[in-house]
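In structure tokens below, several structures.
Shared between the two complexes below is chain A, which pairs with chain B and chain C, respectively.
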Partner chain A sequence: MLFNSFEFVYFFVAFFILYWFVTNKDLKLQNLLLLVAGYIFYAWSDWRFLSYLIGISALNYFLGIYIEKTLNPKHKQWLLYVGLVQGIGGLAFFKYFNFFITSFKDAFHLIGINLNTLTLNIALPLGISFFTFRTISYVLDVHNEKIKATKNWVVFFTYVSFFPSILSGPIDRAKNLIPQLENKRELDYHKGIDGFFLIIWGLFKKLVIADNCGVITNVVFKNYLELPSSTLILNSFLYTIQLYADFSGYSDMAIGISRLMGFSISKNFDFPFFAQNIAEFWRKWHISLTNWLTDYVFTPLSIAFRDYGSWGLTAAIIFNFTIIGIWHGANWTYVLFGFLHGCYFIPLILTGNLNKKKKLAKDELLPSFREFFNMLGTFTLFMISLIIFRSESISNAIEYLNRIFSPSILSIPKFRGEENTTAIISLFFIAIFFIVEWKYRFNDFVFNGISKRGLSIQIVNILFIVLALYFFSGSMKSYIYFNF
Partner chain B sequence: MNKFLKRMFIYSLAVLLLLAILMYAESRYFNFLPNDYSRHKTIVETIKNKYLSPEILVFGDSKAMFGVNAKTISNNLINTPIAFNLSSPAQSVSEGSYFFSKLPASTKHIIHCIDYSEFSYGILGLDKQVALSMRFYGFEVDPYMEEYLDTLNPVFFESNIKILYEARNMLRTAFHNEIRKVIDNEPLNESLFHDIYFPHTYTLSRHPNYPNYSVEFDYDKMKISNEKINFLLKIDKFLQKRGIKYHLIIMPINPDLYQLNNEAHNSNMTKIKELIPKIDVVDLTGFLNNQDFYDGFHPNKNGAEKLSKEISKRLN
Partner chain C sequence: MKIEDILKQVNDIFIDTLDNDQVIITEATTANDVEEWDSLTHIQLVVAIEKHFKIRFTSKEIQSWNNVGEMLTCIQEKGV
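Entry: the complex of A and B
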């Protein structure tokens, strides 16, 4: 069930009525409704793995309780390992089994040995990367005594299957979401209105920007050998925007929907294209994943490597980002994507600029030349890495990048037929999108605080978005990050 | 909560008002904004026009638009009967057949120009956007169509609101038409686009990027579709009842794009003629040489003259 579908509208309206008008006086009943809604939502998208979702919820629920109860440190450790093995093992099997087998086979082939290996036709449970990380972080936090294990199974199961964010994040932590589940919720007027605007802004990003860009990028990535360099560069730009608009659009809708239910879930993007360097970029892009890996991978590693100075820090960062790459999927392109980002940090580490923070154009309407140059540079580095990310193989990516550096770089970019119109429409709305994001760059979200503005301003904004959605929605259907 | 619900109600009213205005405006601007489907207006109006009495009507896709000059056909026939070319971009056999139950009483011949590959496809349903445009331009289905069409496109039966909502992309195609004037190697000639005799839209005899197309279909390996054969038989039976002769013209293939294997092609043509013996099948696949083509698919003016004269010979 996609957020941008009529099925979801009917589902959510029915849920909203039951949630606030029927079950609101009984927290247990309200949570049970939330749980059932989560399972309906998940099963609608992919019923085959509902039992898997319920199974790992049950396992981690009991693990949390027994980890907390057990006084023996060794037993605590073993229970933790069970949780980690189950989570990582599940991910490894569903996402990476065939990749490991094929890579293993290819490695032996390089030295002249041909292996007969078995590959399986494995379907990937939707959202597995997201809800698995939730359960792993839960057992780790209980083990490290950062949170108390919940004894309320409805609360825990709902935490795992929380439907606004189960399919594509944000990856919320138990310490943020479980207390909200255990306490009465209110629909605050301002939060509700801001949440509503987040939803329609997310819809705009997904349907008008991402889906229109996707119409072009899907064709160009299949036919890049026949196209001039300037078209390939423009296509790379459009894909970068598409990925951001698609993913952040979904996140905005997830956060907005949560607000309509009285929840505050963590934001996932903080205007990353205004970052001045790659370190700042990753503090603003897919924040929930970056924070998760920082807490559970990078920090322990950097502590372990602290005796090796800058080299140790570099190794920890490269390892961390390689994991980020691998998290996205079973292809060497993702591994290279992550590794490349790790390497991007090296100049910052060597010059001591890793943690430098400065508010962008703080009292100015426009950025300074230096700030603009830094933003452009960071954007370009990210765009290059996305060529690798999007390509079917590393050789395709290298070929694409090679073709960019050809004399046709000076030609006017051109697509086929109606794609030219789609490109112009996309660029127009991308310009509006950047202006709006720039205006709200010091806020938590676009339209943050609009509930305090006048009714006419609210209506004008809504009508503009509806107009754009009505005439210029693209024709793509699913979300890119559903594949991860 | 109450304040929130009140505000949401106001938003809903504003959005509904905007949608009502947009849908009302759509039903008006559809008729005057150029779009990819505006040729359907020409076709529908021509067929409905009681003051026109054509004897010969040509249907087909853009190959027929570029390749058949109805005036040439007419001038090469005894008594110079009135002939119109009602082909349109991407017009499938199925789409053309929608007009067959509404033909003027004066009609004596239907010249249906098809690509050779059509024999391998089943019945392709009417494209949704095409059906929407036909409906907007006043086309209505009737029970007679069910004599040869198993299913009619559901667009013709849907509510007006749904149709208006579905047709919102027309604004985009209008915008696209304007963009093409600037960026196309050879801009579309709009006045010729609506011509009912020879709607060729190019001005040069050769596309600047000739051939500008590549062929992905393997003609030599194609298999004849029984579904398509049965469909053609039904069309022929329907037209025969009305005293109309049905001619299937298999349009030329550019030899620069594909060289047909004679053995395979002859075998297919023999089979086709055996399966539809009562239909006048005119095989012109190898009739033109590469100089007679504007691009990989479409004949140029020279090719159109040759083709049209050949068609009129067959009608004589």
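Entry: the complex of A and C
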């Protein structure tokens, strides 16, 4: 069920009434409703894996309780391994099985041995990367005594299947979400209105910006061999915006919907295109994933490598980013994408600039020349990496990059037929989108605090967004991050 | 050494490593309270503290601290 579908609107209105007006007196009943709604929401998209979701919830629920109960450290460790093997094994099987087999086969082929191995036709359970990361962090945190295991199964099962964020994140930790599930939620007027604005802003980003850009990028990435360099550059720019608008639009909607239910879930983006170097960029991009990996991959690694100075740090960073790349799926393009981002950190580490946080000047209408130049540089590095990310294979990505560095770089970007109009519409709304983001750059979210401003301002903003949605929505597409 | 004395020395290490002479830490301080203290600088702080006091933490110890106070106790327990 997509957030931007009428099914979801009916589903959510019915849920909202039952949640706040029927079950609100009884927390257990309200949580049970949340759980059932989560399963309906999930099964609507893909019922085949509902039993998997319930099964891993049950397993990790009991693991949490027994890890906490057991006094023997060895037994504790073994129980933790069961959780890790299930989580990582599940991901490896559903996401990477065929990738491992074919890579293995290709490696043998290179040395002249042809293997006849089977590949399986495996369907990917929607949201598996997101809910698996929730269960893994849960057993780890219980094991490391960072949190207490919850004894309430409804709470735990709801934590794993929390519907606003099950398909595409943010990846909330137990520490944040479970206490909110255990305590009574209140419907706060300001929180609700801000949440509503976040939802429509997310819709605008998804339907008006991402889906219009998508019309162009889908065509250009297929036909890049026939197009001039300038078109390819513009296309890469549009894809960078598309990915951000698509993914952060979904996150905004997930956060907004959670607010309407009285929850505060993690932030996933913090205006990443205003970052002034790549380290800052990754503090602002897909925050819930990078925080997760920082805690469970980067920190243990950097501790282990700490005797090797800058090189140890570099190795930990490159490893961490390669994992971020692979997290997206089974393709060498993602591996290279992650590895490249790890390498982007090397100049910062070697020049000792890793610690220096560059803050944007407050109360300035525009960025300074230096700030702007830094932002543009960071954006360009990210844009180049996304060419690899989006290409079907590494050789396609190299071809695409090769074509960029050709004399046609000086021509005027041109698409075919109607795509020219779509490009102009996209660029127009991208300009507005940047202005709005810039205005709210020091806030947690766009439209923060709008509930406290005058009604006329609220109506003007709603009207603008609704009109843009009505007249300029692109053709409906699924979300890019549903595939990861 | 008394906890207060360790705190003073650790504060100096923070100032040096984070390159910010405005940093003042107390036992209750956490990484959220100090702007420059993040996952990247954390490891540099640990290394600097180990060098200064000539001690060695285990990976488990480093990951168990929830605030500066717990880190100071850990340093003290190492016989500093």
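Keep in mind that, in the parts below, the second predicted complex is superposed on the first by the 483 of 484 C-alpha atoms of A that agree within 3 Å, B and C clash if a C-alpha of one lies under 4 Å from a C-alpha of the other, contacts with A are read in each partner's own complex, and residues count from 1 in each chain.
What we mean here is this: a contact is a pair of C-beta atoms (placed from the backbone, for glycine too) under 8 Å apart; a residue touches a chain by one contact, two chains touch by 3 or more.
The structure displayed is predicted, hence computed values, not measured ones.
S.K.: State whether chain B and chain C clash or fit side by side on chain A once the two structures are superposed.
M.R.: Fit: chain B and chain C sit side by side once superposed on chain A.
S.K.: On the A-aligned overlay, A:Ser258 touches which partner chain: chain B = first, chain C = second, or both, or neither?
M.R.: Once the two structures are laid over each other on A, A:Ser258 reaches no partner at all.
S.K.: If we overlay the two complexes on their shared chain A, which of chain B and chain C does A:Asn4 touch? Say first, second, both or neither.
M.R.: After superposing on A, A:Asn4 lies clear of both chain B and chain C.
S.K.: After the superposition on A, what does A:Ile462 contact: first (chain B), second (chain C), both or neither?
M.R.: first
S.K.: Roughly how many degrees, to the nearest 10, is the angle at chain A when you join its Cα centre to the Cα centres of chain B and chain C?
M.R.: 160
S.K.: Quick one: is A:Ser391 in contact with chain B, with chain C, with both, or with neither? Answer first, second, both or neither.
M.R.: Neither: A:Ser391 stays clear of chain B and chain C.
S.K.: Applying the touch criterion given at the start, work out whether A:Ser302 contacts chain B, chain C, both or neither, answering first, second, both or neither.
M.R.: In the superposition, A:Ser302 touches chain C alone.
S.K.: After lining up the shared chain so the two structures overlap, which partner does A:Thr294 touch, if you call chain B first and chain C second: first, second, both or neither?
M.R.: In the superposition, A:Thr294 touches chain C alone.
S.K.: Once you lay one complex on the other using chain A, what is the shortest C-alpha distance from chain B to chain C, in Å?
M.R.: For chain B and chain C in the superposition, the minimum C-alpha gap reads 33 Å.
S.K.: Residue numbers of chain B touching chain A in their complex, please.
M.R.: Touch list, chain B to chain A: 1, 3-4, 7-8, 10-11, 14-15, 18-19, 22, 168-169, 171-173, 175-176, 179-180, 183.
S.K.: Contact residues on chain A for chain B in the complex?
M.R.: Of all residues in chain A, those touching chain B are 20, 187, 189, 192-193, 196, 414, 418, 420-421, 424-425, 455, 458-459, 462-463, 466-467, 470-472.
S.K.: Can you check the complex and tell me which residues of chain A touch chain C?
M.R.: 144-145, 279, 283, 294, 298-300, 302-304, 306, 313, 354-357
S.K.: Name, in rising order, each residue of chain C that touches chain A in their complex.
M.R.: 17-19, 35-36, 38-44, 46-47, 59, 62-64
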